[in-house]
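All chains are identified by letter, namely A, B, C and D, in their written order; residue positions are counted from 1 within each chain.
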Amino acid sequence: MSDAKAIIAQRVAKDLKDGNVVNLGIGLPTMVVNYLPEDVHIIFQSENGMMGMGPAAEESCKDLDIMNAGAGYVTATPGAMFFDSATSFGIIRGGHVDATVLGALQVDRHGNLASWIIPGKMVPGMGGSMDLVVGAKKVIIAMQHTQKGAHKILDQCTLPYTAVKVVDEIVTEMGVMAVTPDGLLLTEYNPEYTVEQIQEATGTPLIISPDLKPML
Amino acid sequence: MSDAKAIIAQRVAKDLKDGNVVNLGIGLPTMVVNYLPEDVHIIFQSENGMMGMGPAAEESCKDLDIMNAGAGYVTATPGAMFFDSATSFGIIRGGHVDATVLGALQVDRHGNLASWIIPGKMVPGMGGSMDLVVGAKKVIIAMQHTQKGAHKILDQCTLPYTAVKVVDEIVTEMGVMAVTPDGLLLTEYNPEYTVEQIQEATGTPLIISPDLKPML
Amino acid sequence: MIDKVKTADEAVSVIQDGATIMVGGFMVCGTPKILIDALVRKNVKNLTIICNDAGLPGEGVGKLLSNGQIKTLIASHVGLNPEVAQRMNTDVEEDKLECVLIPQGTLAERIRAASTGLGGILTPTGVGTIVAEGKQVLTIEDKEYLLELPLKADFALIRGTVTDKFGNTIYNGTTQNFNPLMAGAAEHVIVGTCEVVEIGELDPNTIHTSGIFVDTIVGGEQ
Amino acid sequence: MIDKVKTADEAVSVIQDGATIMVGGFMVCGTPKILIDALVRKNVKNLTIICNDAGLPGEGVGKLLSNGQIKTLIASHVGLNPEVAQRMNTDVEEDKLECVLIPQGTLAERIRAASTGLGGILTPTGVGTIVAEGKQVLTIEDKEYLLELPLKADFALIRGTVTDKFGNTIYNGTTQNFNPLMAGAAEHVIVGTCEVVEIGELDPNTIHTSGIFVDTIVGGEQ
């Protein structure tokens, strides 16, 4: 299981380019940081009001005034800047974030995303996710391919949307799928699985790229 | 003539209360500063991006980075703050300016104001005036009663509006008029003129206040 | 010059039952704890609280929730305080919490709209989702936007790092978040601040919130 | 890390005839003079200039006007540069200037809308005036507002006081004005700045414009 997460984080890291402004969601997406090559410098934005977020703060020297959007104490890199929430979401909504990496409950072939509510069961709120997926130039969903065997990648989301037609790419432990007008295009796969197994774990027909290659 | 201006500025100064946030237009309104009592501390806003504007800077020690909206070099008082134009007009439009004092080409009985354009003749642009008169809690027009004898205070403006139904009070060298639903109410007058003379200089019927008193 | 500096209890004495109150902070970071504590002591009820989140149980606005003072919570995220779900789903009518969820960027922009006198703003966020329900959709250059309206309050409780006696306030780090926005969107603004300094001590280029917005200053924030 | 520091002439080399350019400043205060001078040297034509005002004759964007480089000027005030009226009313078709006047607060907010991804904003400013012509009027809680749309540009020329090599910029005094707004509203942003410092030298609480907006940095501004 943690192996699956590591594979996903490692693969997403390859999508991020030197100089990119990136917002990582809570949980799995945060692990992406661990797999960035040394010569790739990413500027991390934290939607609670920071550009140039650094690694988590060590317990002994944490600054209680510097927190990330997941309520963890973090550091500021040289060249960092703090700002208010309107400025922060102005940066996000205005298309100044190159990529956001988020988890999901469901994604469908149209690029629709469901990630914030299971009616009658879980209502945590959307936080900044609705703005992030609408505003970021590239929306990467990083998640395990299925939820205990149940499909999460679907023809059509059944849970309420976070946003419609926003997802660009889905990265799971099984492969990488691009959202295209014709449906999901499997561009890379994890050789531990066959294409048939990946299709079986997916609730919508996959288009297999002629250039299909291993994901790592 | 300059005497008229002095009378107007002196009278407007009495409208400003200790602690008020005030934006003064260019020209005559600027003279109001000279007539404030010592115990009345006004916080002057300059729409180009300053709260707490002080007097004009002396030539010998002017800071080229600190200018007022009339392109004059000014000083910053202790407790001043600089901000960008969106913040500045957010303060203005958001109702956080207690009073603005501006000149006018024409004002009418409905509180309509014309001050920014004479079609075919003069097109300086509205600058910040349209926002100021819409946003400030109290709009005081400080101007000479007539333009070389021609009426400026009218039943209905003939020049294009700066804004409609925004003027609260008109202060001229002849008197003080409040805009009311019934028309202009003359509340104070300059004893150098008779009420008849003031009416004659005015292009709309004046309602004479039962409490009419001298303006200074 | 009016003296704006008061104790926390004096400061919140103007707040009555049923008030709508904005509270700054993001997961308690940048929340004025001493003002929350004073509100708990005053024990005003039926409050509408506008805040980014519900804090944690017993922390930040979570204290007001635990103490049964909140009737309606307007926030973007409440997942880290399980008491919210409990109170939303309770069968005890008088304990029931109404919770209105708003996307975080829209929450920020709606508060800013109230502060800056805009009648509303058009955002692409929420189009095609349940957030759009009941809202006007406008199409600008072939793209759909929701019309979102200003959000204002009777009071704002904000948290500063350094505040001069006029109320000019500087925030440190990520404590800034919603505080400067809320300062302009409420009728009456109380700032709980770590350090109160004399007027003129702050660099006018570095002030985040103008003192014109601030009615009351309370020192002693940690 | 990309090196963003260039000479003024290198910086403006990307600007071609017909470009739409935002220029910071308010009556030349906060206008990047060295970038204007470089644009004059490059002598690109048919520009659309978005600026608070027209500067003075031969000063600020007034230089571009005197040099016949501006086709359309979008501004809030042009009264202190008589050349604007002359060129608006000239009979020589190729010298004719189109001038679009926008209330200053609306100009700021339209630029901000472009920067922040809003589809538009509702302002009470201009209702009932010729500014409202051709614009949609929305009534919110019995008050009328104009729908004003985002204003963006190909380039922004902004003026900083101190800029680090990433592009993080601090403005001094009233030089701030439109500069931070324009930095987010243009495809390509060039900052002319008085002092270039190393990354890490600026206090992250006092930066006005994030380096993520800045493509090119030119030192030597006065």
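Criterion: a contact is a pair of C-beta atoms (placed from the backbone, for glycine too) under 8 Å apart; a residue touches a chain by one contact, two chains touch by 3 or more.
Just so it is clear, the structure is predicted and the values come from calculations on it, not from any experiment.
A comparison of the A-D and A-C interfaces places the larger number of contacting C-beta pairs at A-C.
Between the CA-based centres of chain A and chain D the separation comes to 35 Å, rounded to the whole angstrom.
Between chain B and chain D, the centres computed from C-alpha atoms are 29 Å apart.
Computed centre separation for the pair chain A/chain B is 55 angstrom, with centres defined by C-alpha atoms. Looking at chain C, one finds that residues 109, 112, 116-118, 123-124, 171-173, 204-205 touch two or more other chains.
Chain B has residues 76, 82-83, 86, 89-90, 92-93, 135 in contact with two or more other chains. If you draw each protein chain as a dot and join the dots that touch, the picture is not a line, a loop, a star, or fully joined; it has some other shape. Pairwise, the chains that touch each other are A-C, A-D, B-C, B-D, C-D.
Contacts from chain A toward chain D in the complex involve residues 18-19, 21, 41, 43, 51-52, 76, 78-83, 86, 89-96, 135.
Within the complex formed with chain C, the chain D residues making contact are 109, 113, 116-124, 138, 140, 143, 145, 147, 149, 170-173, 203-206. Across the complex, chain D meets chain A through its residues 1-2, 112, 114-118, 164, 166, 168, 184, 199-200, 202, 204-205, 207, 210-213. In the complex of the two chains, the chain C residues touching chain A come out as 26-30, 52-53, 75-80, 85, 88, 99, 101, 103-109, 111-112, 123-131, 161, 171-181, 208.
Per the touch definition, chain A reaches chain C in the complex via residues 46-50, 63-69, 71, 76, 82-86, 88-90, 92-93, 122-131, 134-135, 160-164.
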